[in-house]
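We just call them A, B and C in the order they show up, numbering each chain from 1.
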Amino acid sequence: MTDAATNMRLKLPITCFILEIILIILFGVLVQYDEGTDAKEWHHTNHSQYENDFYYRYPSFQDVHVMIFIGFGFLMTFLQRYGFSSVGFNFLIAAFALQWATLMQGFFHGMHGGKIHIGVESMINADFCTGSVLISFGAVLGKTSPVQLLVMAIFEVTLFAVNEFILLSALGAKDAGGSMTIHTFGAYFGLMVTRILYRPNLDKSKHRNSSVYHSDLFAMIGTIYLWMFWPSFNSAVTAHGDDQHRTAMNTYYSLAACTLATYGMSAITAHDGKLDMVHIQNAALAGGVAAGTAGEMMLTPYGSMIVGFLAGVISVLGFKYLSPILEEKLKIQDTCGVHNLHGMPGVLGAIVGAVTAAVATTDVYGAGMADVFPDIASGDIQASYQGVRQAISLAVTLGIALGGGLIVGFILKLPVFGAPPDTICFEDSIYWEVPGDEEGHEDQLTTVRTTETEKLNS
Amino acid sequence: MTDAATNMRLKLPITCFILEIILIILFGVLVQYDEGTDAKEWHHTNHSQYENDFYYRYPSFQDVHVMIFIGFGFLMTFLQRYGFSSVGFNFLIAAFALQWATLMQGFFHGMHGGKIHIGVESMINADFCTGSVLISFGAVLGKTSPVQLLVMAIFEVTLFAVNEFILLSALGAKDAGGSMTIHTFGAYFGLMVTRILYRPNLDKSKHRNSSVYHSDLFAMIGTIYLWMFWPSFNSAVTAHGDDQHRTAMNTYYSLAACTLATYGMSAITAHDGKLDMVHIQNAALAGGVAAGTAGEMMLTPYGSMIVGFLAGVISVLGFKYLSPILEEKLKIQDTCGVHNLHGMPGVLGAIVGAVTAAVATTDVYGAGMADVFPDIASGDIQASYQGVRQAISLAVTLGIALGGGLIVGFILKLPVFGAPPDTICFEDSIYWEVPGDEEGHEDQLTTVRTTETEKLNS
Amino acid sequence: MTDAATNMRLKLPITCFILEIILIILFGVLVQYDEGTDAKEWHHTNHSQYENDFYYRYPSFQDVHVMIFIGFGFLMTFLQRYGFSSVGFNFLIAAFALQWATLMQGFFHGMHGGKIHIGVESMINADFCTGSVLISFGAVLGKTSPVQLLVMAIFEVTLFAVNEFILLSALGAKDAGGSMTIHTFGAYFGLMVTRILYRPNLDKSKHRNSSVYHSDLFAMIGTIYLWMFWPSFNSAVTAHGDDQHRTAMNTYYSLAACTLATYGMSAITAHDGKLDMVHIQNAALAGGVAAGTAGEMMLTPYGSMIVGFLAGVISVLGFKYLSPILEEKLKIQDTCGVHNLHGMPGVLGAIVGAVTAAVATTDVYGAGMADVFPDIASGDIQASYQGVRQAISLAVTLGIALGGGLIVGFILKLPVFGAPPDTICFEDSIYWEVPGDEEGHEDQLTTVRTTETEKLNS
């Protein structure tokens, strides 16, 4: 006795199959191996096998890959009965988004004789774009069907590629770790979508919108992996050599400082001094977000630590005081608090990046200036103007994210995608065969669900 | 009050100690550091420290290592009361098999003046061989004692090395990711073993042969790690340069397409459209298996996606419709459904590899042909003949796997290895000290066990 | 109704904020990018971007990082109601310790014009030092407040750096994987601390000092990650080339042999032959500890296996027979049994290292001698004298660890750090907001806690 509206038997297969067939056709027509992956091209020129970019990007790629699938996936398992969906829908939309992003980013990043060339760097960029979609997923977690999420991914990936093109190619901004392109964009896009999908009666599912003991431990797997591999994330596509090295190290110290700030703030904002898992799971990561733009710059280790510290403070304050206001006053139901982990820290990171760029000098960067700020090195622009570019980029990102989220939110509101009713949000059993747990608790849930569904059907 | 037959107090220590002592003696007599690991040999020739193969294989090795110990180990924790055994026996037999495989593979891959030379590449190959044993473990999961598993590993590793030698050295086939050598071999070997060990009364343990909510989440840790690192698996021992790079990327796209196929098929084959965790945990990985042979070839990205898509479709159909038939008609009790994840996708991968090899042209591969198909590049054979080699290799693999499984199955049937009785399969407490869980559930299980054991003893 | 003494509302924030501010100031004054991370310095000399040490150390660093945060963190989640604290306090003290270690190690390892230079190698060393603190954390697990742990970390990191300086710089010992500097030091320091903090009435919390089914599975995540990445740990800071390669491989075989020994010993020491999760989770890792000093030497593969085998045997025997004696007779309450995993195997590793060094010959090492034993290669000392250096280093380590632990133990005894009362040890809810679990079990715990706290207050 399943509600016809949320039954995925036809909706999900049709969506998956059509999308994958379109992807295969477009890949067949448009996509080619790049020089590093093509047997003929690679052997065309004379170089050592060891110079293949595989050896200098692939370990970073795998770390990023873990963040996307384990990090984001398990971070969202904190809900008591939404673990299957958190990991499972994360898996599904990421597997789609990375293919679609290959096409969209390839299209905007420049075609080669009408063809998109791919290799390990495009794989990292596709994973990055996917990360942005998963951030938005965090905002709507528990309130959307898998078909809605795939539709959201189609549009968000496209807008991500447009925004990324404007920032990096048209405006000449720097954003290797994606404080703007990934975090700010993903967060404000998702917040606008969840605003449009506002559910006044969501408190009917309130009892499921919380964690249990073991679900919080599963979520910590996600948190810790994100935290550990963030240095790889921010440094994955910077220039080789000192740039990658420095970016990883800046991020490492930013995160360490952020963690101490998070623990301190979590205890001080609790009336009984007890630590809150929500803060630890999320705010401790804000230092990675905030180092996304300036991480590759000569931010200095202590500068990184200051940035991380501020990010942790802001993030905990957001969870504690701002999120309830956003929900009550602005009707933004942000399940995972992405505004606190990705939104505000992303904006902070963008500002830090703008300021750090504006004060760049040849005295500090030496010949390394060409890698970080090629236009300053070539004398085309002043450092201060690079700062302006960065600031404009933040504004553009916010505009496209909010505007895009507005439109996509209304699209997702169409009553054809099988969204769950208000009474059965944050509940796996609406889209999954759920086994019992040790004490037969699932039977109760199933009963509740069936009853609710009957009501809906009657 | 433990059943004497399943008591491991002497059987397991004797097996472990004798095996390890034999290994140590054989290593002492036969094994030497290779050029990259020996202090004297490495410094004998003049090269940069950075040319040591460690830097170009070790990150891949570690990804493979994670797949073997976390991937396989946790994938099998889906059973409600078999998590200790799944992770723990996986750990034990893998630790044994990788040592034994070093010797067996070293023996067949060619000795150097009577010595086996080892380094990071032999470590990867030993892990690969171990993976094959773990696939067979999946078929017999819950129905075997640790001593049986170690005995199975002794024989399976040996036969694996023989088969691998025939395929790669004698026949000149290509199979870098092991669609044939690892997956097809491991699956059909295990299926034959479980056929011989058929238990007509296994339904007495039926209530434990299923998952609970959290055990499915633990299993997803295994699934996602296998999925993420499969590109490293397939590319770990290919030629350096474009080959490794291309193999990783082909596998990445094959898996992504497979995931969409899996979700679509899982929903469409369920009468109420609900996703089944068994499919997601397993079938989404079939794209990695199916890209094991052709991944290093110029399969093209869209070709990889087609292969992955087909693998996902076949795998879900196998779980849904074929597995019940295999159990009822052919008496094959395949606990993890390895036929659907490794068997059929492995055969698919072998066929794709044969076809892709048969159509290889210098126009496509250029000077890179020498890395992928040295015999075609040297003009010794035509591409079509390479296809024939590949097809013969599949047949040989199936023959050795089924024949070997038959013999080993009968060996494992000897009533001296402490196999669990039909009533206590899929149950940790027969071989492990099991703590209670939060609500004292273990007490009940223990009671059940004790009662059953008493019956057996009386 | 929270006990004022254990309330962290002011204590923890003040500690975190003061520490982080001091760190930021000291980093600002003392720390600079090294040649590989500084934009100007790196481009000052003429070399390929691919020669940056990032590419030859960073993958090892990330593996070590996973061991520190996931490995140690989850290994300690075996306790039924202490998972938040195990992972969470591990996270907090590691994030602090790695910053503080950067300063302390930088100070002792040699300043450059009054500045500490940092890069990926210093990051690995900081993680190593952090590992030592986490070993000590294992000894006092469940009985300490986060403020106590931070205070312990301040002193332990400092003493670690002193001891490391004496061993590696003053005495000229070799200890790349830290059998002495990390494991022996961390274990005996922690054991002395827990001795000083002895609680005669700890049996009041005895019912919580054990595992439940799922907590043991979470702990296995930690175990398996430590096991898999230990080859990276031991090889992370050895010389490049054959040294790193050989160290990783020696550790791999040592661990494999250790695992078989552990399973055998666990079964043989149980009266009913059942495997004990405590042994598997811990003793199987002893082979990595014991290969920490000699791993980079020409230990040979079979030599590594003998060392690993012995380590596993010793470790299980320690858990089974020695730990109860230490607790009853010597009043050492060692929650995680770090004496068995890090203490005795660390001493074994130190001895193996001394012996292996003492028998080093140019015949075996060739020109590679300069990398492993520079003083022997240069003819300054005999190999036997290197063995003496190693032996003295072990004695020095034990002395500083025990002396330091004694003093720090008394400092931690000061009644101002919010240690938990004897009745509420091994319990998350004293420092964390704990959600209910599925069957409302937490309510009971909370009730217990509140009652106990009321008693204390009255």
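The rule we apply is simple: a contact is a pair of C-beta atoms (placed from the backbone, for glycine too) under 8 Å apart; a residue touches a chain by one contact, two chains touch by 3 or more.
A quick note: this is a predicted structure, and the numbers were derived from the prediction, not measured.
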Considering chain B as a copy of chain C, what rotation angle in degrees (nearest 5) results from a C-alpha superposition of the former onto the latter? 120
Taking shared residue numbers divided by all residue numbers at the interface, is the value for chain A and chain C over half (same) or under half (different)? different
Averaging C-alpha coordinates per chain, one finds the centres of chain A and chain C separated by a number of Å equal to 33
Counting only residues that touch at least 2 other chains, which ones in chain B make the list? 50, 55, 59, 214, 221, 437, 439
Would you mind writing out the residues of chain C in touch with chain A in their complex? 2, 7-17, 19-20, 23-25, 27-28, 31, 33, 36-44, 49-50, 52-55, 58-59, 62, 65-66, 69-70, 73-74, 77, 81, 83-84, 87-88, 91-92, 95-96, 98-99, 118-120, 123, 146, 214, 218, 221, 429, 431-439, 442
Touching chain C in the complex, chain A uses residues 50-51, 55-56, 59, 63, 80, 210-214, 216-217, 220-221, 224-225, 227-229, 232, 239-246, 248-249, 252-253, 255-257, 259-261, 263-265, 267-268, 270-277, 280, 284, 298, 300-302, 305-306, 309, 364-369, 371-372, 437, 439, 441
